[in-house]
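Once you scroll down, you'll see the structures, which are given as structure tokens.
The following pair of complexes shares a single chain, chain A, combined with chain B in the former and chain C in the latter.
Presenting the complex of A and B:
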């Protein structure tokens, strides 16, 4: 004769709670009269009925339900206090076909992790949140919760919750339902049979929304904690039905799932060609062989270049073009900008270091070989960093008579004036670049290298402005 | 269109390139100077490859998103700077306790408090010594160039998987902001789903948690974790040695300050001083073997170049069991020690003119 099972666990639970350490494998750890047991059963039934056990991830909170994953026959993960919505977000995005349940208590959701739940709701993550509100901290021993009622005595409100000092109970459903993105928000109570039947429907609706990828659903459950509230069953139900519902009215706060299209998220690609095309840069013409080296003596040692001026003068892009030239001609090169608030108005400078060997310090802050100054404060601040035999190139439109040393070589270029005459003051950096190139060709290079330098400049401009071809032209 | 693997990138950008080439599937982060280019680049490139980018509501959410994605079997990362990392420490402890792989980039800036956005190396203690609650360690990689920002990010994902542990790439605002030429590595395919993942292709019994109420159970977990850290110490020490063959003195420096120290080696050598550089590329495990080899080969004194109040110096002293004098050469507040300063400090200590 077949066994007759009168009362059995829903199939959404493990038959034996193997994840639970210790000898007790058949019972839950919850206290008598606790709402978690009821809600667990409603969820387990729904998971079994909807046949989603093999692709549901349950996120267990900190609080009494910290061990929820002992019981549910699905994937489980334990969350730091309040962070479950962030974890749920990631799992929902990475496993978009899974049902992701964030199971949270009142301290977890409405206090320490409040921002996370608001933001996940506002992003409309495809997840189901079951929020257990029992107006008290259970696991930690009966302290005040964000949902503790005014006047309610707890360990940390021993004379009753004072609204003057601690404010009013936080109304989560009322808040979440104000956002655009969430599709379903309802508050239920785990008290009377009719209320529990409503809660059962709410659980199912929320899970179905997740299965249909409709986005964010939250169901709040007013729930008993007779041990910490020091009540018997009758008092507990009266507290839920008469006192809590006054502050936390039951009902549907939002239900727009039918109007919403399913959420779609991208699928990662690991196609080698697509990755190469996206990350590897275009190889421009005018490249040289890997063993190409300029022969001029100036390039046989590390070269330090400092470029400075006002923010907006193109100081950094001038340095960048030079760095690209170096890269294209097989130098090891570093380009170091000033950054941060300095960049938002005020002065800007960058260091470019070229070497055929390993570049040591990327900072051109002493013995610079070439210094380009595009305003007076730059001369005042940086000229001392120029090598005694270094080269100074400055904008003679704005700087007069920089106090250089006897062995330094100095070129004053009316860069801003020339740029203005050409119709665009912003081109002063290009004028300077032209001057530097000509200086290098005349003073430092042989005939072959002169021609090659022109090609390197052209290639560097093309590469630097590859995303803005009109500027390169 | 012809493509090349040679590219000029900022350090922060190179991290994202490395991550994508390593097959990273998810980036979760919150903007912060001087790490923001990582988020900017990730926002642009991750979705292009169908991978996931979320600007989280805060640092705490982003590290927990990493926890979630990693639990789901995905390669995931986040990035921030010191004060943001301080906020992430709770999550990092959970990730270490749950034995999940994760990659975290810390682009250090000046502290304490709001400090400033200039480069510092003062997160050493919080990153290398654990940082969050509990007896755990993270593997810490310390890139010294933009090339290594890319390469060590790739390595970080592999080590995170190999040891199921969080791995930091600890760098600073200057390496993050500077551009150098680098060669991009070959792209990797998707990492196979680990068997422990919360994924329908994996056993349904899978469960990820770090809670063990039984003190005996938790002690066993701690013992297992610390065995793992011993393995890491044995297998994963990495350091670059520069002119150490005949060195009588040695700099020990990582990250950007190692670059200044390297130039100082060149200049001091040109004046005849036999000095070298040991550049830790891993900070946990600290390259104690390289330091002890140096002691055995006759290094008389070490100089720690740091942009902090002297945090790595403790590990140098412990590694060589204080068998040689170790002198700190440091700047704080976001100042980078100049090559000249470093040289002067060495000469002053050794009484050389």
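Presenting the complex of A and C:
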């Protein structure tokens, strides 16, 4: 007599779950009878049968399946709540030959991360989404989910879900299948054996679509959470088959994989030189060594600059040129334009931060070292954010007597008038830039540094205006 | 000459220590050869037991079971 194994723990699982803390190393952490376990087995079996363990990446969600990486013998990434499709997108785009699985619950997919899944589906990312719809927030103890049935009692719908108050269960397959890009959408139930066998086929089909680069596949699984729903195995199956399928009919919602050619998404570059070339297009002539540091004491600390004025005065461009100058001189810089509604004709502003260390907050909204104001409302609004020992540069054509403090240094330049005299009032921002450069050279720099600053200005102007589309404002 | 078709023999091995006693296999079995035992395992869960004969090797219990290694179905082959 010999035993021939017909069905056994699939090789897509680790034999022993060494990543799982505590003494239990052969069982998963799920409650008795949990649908996650059933689905895990189907996925592990398919991964082993298709021999794809070595190039499968499973993105685990926030929810009960958060520890999926304890169990699957493949690559894995843990995602913030609802963001698995974004991570899956990145992995799929950067590793187009991998099988990428986004594993998500109903709270995760259809609530906090709903926009993510819609956008990924609509882009037709080459990924497989396994969507576990158990009509509840399982992990957090049974709160109402977007898929909770009308009348269903949960921790947060103790009198039963009221559709008047919270609307109807969200039908994910029905929505996703309306998009052009997805190739395969099916709803299954992890309930009685015939339904589980259909789910098994769906798992395999979706994974094969990914292996064949057919694009976006989503399989929804009506799944039991017997603990939160307080049901035994029989009641759980009946709930899935009879109650849930009323709102969530089973079946194939879309299947066009056979008709579709493999998808091609642009593959990002990882080549360091290429990245530098793209980010710093013409900087090389005038750039400095990586270890270059200005010695002036003024640059030993983080410098915060706020630039403000009327939308259209070139406030953002001015900030951008300054940020590029810093970048070309090996500072860490940030340039944070404010795109508030005030940009449409009120006070526009941007923050620029220079530092030899990491930039902390990119927002310059207190203790600014340099404040540039190009109209009166900017003075009124932002002067209070200048450090007591800071420098104010303002357009004296339109601003008079800004109320500065005794230790602040103040430069009034008739920038708009000078620009108009030169033939174009729109160049007031360049006049201000010239003034700032002059001020820095006179107050802060030695001869070498002055020469270098000239080169940096030239390079920055080139980079900001030669190849870039025109900046807003 | 052996003309009579041999009856195939299957067995459901339940690893009691990996079973959580959810009862899903018991209701999945078309031959009603699984039941919930009365003893408790290492996790203090009750566990399913096989009647000892009658399994037809359909795999229904295996796919219904959420635990990775609780159920193994084997065919007993005469050599």
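Everything below uses one rule, namely that the second predicted complex is superposed on the first by the 256 of 473 C-alpha atoms of A that agree within 3 Å, B and C clash if a C-alpha of one lies under 4 Å from a C-alpha of the other, contacts with A are read in each partner's own complex, and residues count from 1 in each chain.
Rule of thumb we're sticking to: a contact is a pair of C-beta atoms (placed from the backbone, for glycine too) under 8 Å apart; a residue touches a chain by one contact, two chains touch by 3 or more.
This is a predicted model, so every value here is computed, not measured.
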Requested in this report: Please indicate which partner A:77 is in contact with in the superposed arrangement: first for chain B, second for chain C, both, or neither.
Outcome: first
**Report entry** Which of chain B and chain C A:179 touches, first, second, both or neither
**Finding:** neither
Query raised in the report: Which holds for A:26: it touches chain B only (first), chain C only (second), both, or neither?
Result: second
Requested in this report: Check whether A:247 is in contact with chain B, with chain C, with both or with neither, and answer first, second, both or neither.
Outcome: neither
Report task. For A:193, decide between first (touching chain B), second (touching chain C), both and neither. Result -> second
Query - Residues on chain A engaged by chain C in the complex (per definition of touch) - result: 1-10, 13, 24, 26-28, 30-38, 40-42, 44, 71, 192-193, 196-197, 200, 226, 232-234, 237
Query raised in the report: What residues on chain A touch chain B, complex-wise?
Result: 18-19, 21-22, 53-55, 57, 59-60, 66-67, 69, 73-80, 83, 85-91, 93-95, 97-98, 115-116, 119, 265-270, 272, 274-283, 287, 320, 323-324, 326-327, 331-337, 339-341, 358-363, 365-366
**Report entry** chain A-facing residues of chain B, complex
**Finding:** 1-8, 17, 20-21, 23, 25-26, 28, 33-34, 45, 47-52, 54, 56-58, 60-62, 64-69, 71-74, 76, 90-91, 94, 98, 117-118, 146, 173-174, 177-181, 184, 187-190, 198-200, 204-214, 217, 256, 259-260, 262-263, 266, 336, 338-340
**Report entry** Residue ranges of chain C touching chain A (in the complex, touch as defined)
**Finding:** 10-11, 17-18, 20-24, 26-28, 43, 45, 57-60, 62-69, 71-79
